[in-house]
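Please read through the structure below; I'll follow up with questions.
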């Protein structure tokens, strides 16, 4: 099967650059089941990274355009490559293939690993948003806590050792103070550090790489022949009535 | 005080046209407290009406641009003129004046009128979205039901008598089957039909015009010198660190 | 419009005296929209202040008598001047004008200011009662915490500086430990200290004066032509069947 | 042990009269464990029956006076003889003996009989109040429904056969439509019809007589040497500081 | 009435031995209402004590066999003598007499004593299980916390003074940090230390002996002629269709 | 990877026989990713099918024995082959490999397909149990309904056409009356009818085969190197202290 990983920002033009796009594609393919091919694509314009509701809003229209193109190109499923799952509902309205969100898929996977899980996020200002995503995923009752590391996306890879030590520190609080049985890396750049195993060894509970979790959910859905329900994510009424998606934008 | 009513679609270019913009501005001013001036503005591009998550996503970036301009022009508060409250969190991150959502404000007002309230929406596909907005507003426990009329936004004004009769029919189900103590018009075009009093007289419970409710919340906040909490709706971190809002978009 | 502020205790006969009644009336009028007149009235007998369920129970029958008289006198709405909203449901059964509770109205207003809010109360013994009021208001999910200052009502005005310093201290715990985005003064005497702005400046989040919030809700309801739903707050069945309210009391 | 059953209305002066007081006392004693003596007392003034929040408010102050006298007389526990549990928290603040509410005690007993229970009430206007009592009892999750019979308290005994047939009819809806596993008679006069067994035989699920349930909870608490927690139902602060309960009322 | 207390482990063969069986029987009879006789029985095989889901699973089949025999012997009700309430639903499917669980009955009793209660358990690994039992009992909203003492069942009686001091220490955390208004001994061996009164005197809130609470619930149900609802705990369908319980096991 | 599917009843000795064991193994292998081998094993004694809490209790001890043996045999993960997930927590305490429950895994998968899902079960008496499993899975908020088909396990394969028609009928109620966006076959025999695609085509929403969902979750966990958290499912304390699992059973 062919799975697209759609980065909702112009990563190849940003500070991480095309090399990071390539690195992530390689990692994703190394995590995949035999027979799965993953391609990473980014959008032409949008935010350098998504750390606020504003940047999320900016990222959505180009990401939806990209997802429609990817379906036309014959992909079997797509992953939206940001832990805020930007544009997830809208994407499911527009395409028929499964569209997977790293936040939703990793929360649903963490739900099976124990009674409660925590999410590591970037800033305190993102905590409430993550809590709403847990409501949307349906697993708010299992969310022990969301805790912020205070490290911006674009600095996570600057000093890997310092990042790791901070992730261990905050995760330990999740386990000891919030009774988390597992911990999710709540940012794709954090997930693509690919340090779940070593951090898990330090902290003593399972850690979830959200990129892997999203990939596995995509592979699961394609393998089972399932996609999102059209009663939940309906085609826009004007399109059902004969307009094209392009017609929906005026002016 | 000066309050802006920002229409998140290019209404003046659409089928309703500039006359409708003017009509709404007149109505809003007629509902205001003495000393309040309301101006209606629309965005240059976006969806003709918002009936899906996709159209909502399209509407947000131009609406946020408009709201920043309105704050620069000296408005004391702004209302986002769509019942889905598109872009509400992002707007509150970007400006200091209060930004009011018709859905949130009318739900919070309905909460005081009785034990439960219902919302009239357009299509079944919008019900779950309205339920999430009730979670965000914090009053999910008071939401008796969301029921759809089946009439698209752009046809609500075509046959006013048929619209009214359908609104009465669906509202009566809310009251009799779902135990709603009040009913909200869950669409601005529905609200601007300005028929709350006559429909209330037919159905026997209070009806809430979401345009009025939003205006009153805006007036209340300005009058009390309150605005949204910056711990909840933080300035984007990159802007706090010295970038401009315009810098946040790459490519 | 004419709005009555009904104090559910004989304030003019108590330690605060008639001067405090006058002071509050002046403040309320200074907070009102143009065209609103507020009159403060107290009941002839009842508790000196309300700090227990017992004192609340004592306060309700005379307050209900007063509210019925106020409606007869032509007031457009009434506020019950105690943060426990004593007798709110019963009052709404007996009169047609809107009856507003400072707790309910300030909680519903705080709900729009952020994700969570806290309430400052007097004693630990009042915390659970405040939590039930949040359930009744429908916004329990948004209540970050109720914290007690430990200062009795009748001592709040004794040493204003000490009171302020204690309010800042406890509010800071609400913000830092409970993640409150705003804070409500959960007592009318606390609210009428009229220190929301200066305490807000110290603590860094919005503070809600419950007297102002109640007044704005009353003005909003009158301005919108709304009152409480009779399906939620029904006329007592014996009165619907022809008895007078006075007939309901035997012996 | 000696248990008082305090009727929060002047039943002996009302339409039911002293004979009904005697009849209830006899029934209560017949339900008691060996060694328990029950005395029924009513208040001198108050509502003929409690069918609204207003009548409940009227009933509370005299009931609290009665409960304090009953403790002085040496009773080991008291039951408040109305299904709305009027004044329950205030009573627990004022006395040290256990004070039992028929609603709370029967809901907690119903919780063990199955997954869900229903409550039969008098009028639709009382449903929301019963739902709040389930929140206070802590068992809202187990409340399948509250359904109204439409028969006023004072007419329940007029045509016993019609009453029974209506109770069977509404209970059957609770079981078949709301999946109730047991049903509570949500009114003391309904409970004192003493028809739980025969109605249970017709409907096929257990029925709870709220008078019996309250008596058993009172006997249980006395037998275990337990009373309500003073951290939950604190002595009024002014009384802790040296005033008498009588001092709390001014004017 | 005759009540059986069924120990779901072979206590008489274990380290506590037959003397402990006799001691518990004596205590139970001393707690009973006049006219109640309690007999303690244990199962022939199973775990020495129940401290994991695995040991609970082992205990259930022999306990269900015992309960069916006890009903045949004419007992009026049975208590499952373990705070995890092992096999409670299955038992209620198989017998007609009331079957009482110490956890469920003490949680429902604690619910009336205040706003919140805590449970003392043995190990951290049992906390989540206790929380699910509170969901099943329907009172999750009243559970302030479950805290572990860290003392294994079979060591609770080794050094009574140390045990008591640890129980006081952990309970005080429940009251001061979690706002518990009462505390339940969440283990039968803890309950049969019979120290509720002295620990309550130290900590200042009511303590619940789960053995007493279970006994009182059993006596209450028998006295009221109630048993569990067959809509909730249905006879196994194959038995309703004519097989015996013994037939249900193949191989 | 090698995955075991453990049937918690002696299927090969029952009415379905060894042929059904073989048929299911073949199906499971046909659903697996390349490189996965599935073996089906049943237990030597236990219930013919699980339709009550009693039969579930019988099934657990032999199933736990089997799972420990399977781990010793080198399996990478195991599925408990019954939709009630019998013994799931206990199994996770005893082994280190992932143990997957079909109910939990299919509920977590359904959670991503839409806002709400329904479960088809056998009898009304199983509905509450399924609801508790949704609580345990953490997705109770997404459960639209559990509806019973009324067909016993052992008759599901008797008249496939009648079964299918009944499944379509009940599922349609889930979609139309309960707003389910997807439907789970809440019984393994129902799932192994392998009719998800054709029933989905009739009803118009996605259907989940619980056997497939469990297999995919097992493959996902093994592929990600994850297993259940030992903070949630701790090794029995006596085993941590040096006893063997076999030692835990006395008598």
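Order of writing sets the labels: A, B, C, D, E and F. Residues in every chain begin at 1.
Simple rule for what comes next: contacts are C-beta pairs under 8 Å (C-beta built on N, C-alpha and C of every residue); 3 or more make two chains touch, one makes a residue touch a chain.
Predicted, not measured: the structure shown is a model, and the values here were computed from it.
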| item | value |
| --- | --- |
| Longest centre-to-centre distance from chain F, chain (CA-based) | C |
| Repeated interface matching A-B, over half of the contact pairs identical, chosen among A-F, E-F or D-E | E-F |
| Between chain D and chain A, distance of the C-alpha-averaged centres to the nearest whole Å | 54 |
| Chain B and chain F: spacing of chain centres that average the CA atoms, whole Å | 45 |
| Rounded Å distance between chain B and chain C, as computed from the means of their C-alpha atoms | 28 |
| Per-residue multi-chain contacts in chain F, two or more chains | 115-116, 128, 135, 179, 231-233 |
| Complex interface listing, chain C residues touching chain B | 31, 33-35, 100, 104-105, 108-109, 111-116, 135, 137-142, 175, 179, 181-182, 197, 204-206, 208-209, 212-213, 216-217, 219-221, 223-233 |
| Complex contacts: residues of chain A adjacent to chain B | 9-10, 13-14, 43-48, 51-58, 60-61, 64, 87, 89-90, 93-94, 122-125, 128-129, 132, 135-136, 152, 231-238, 245, 248-251 |
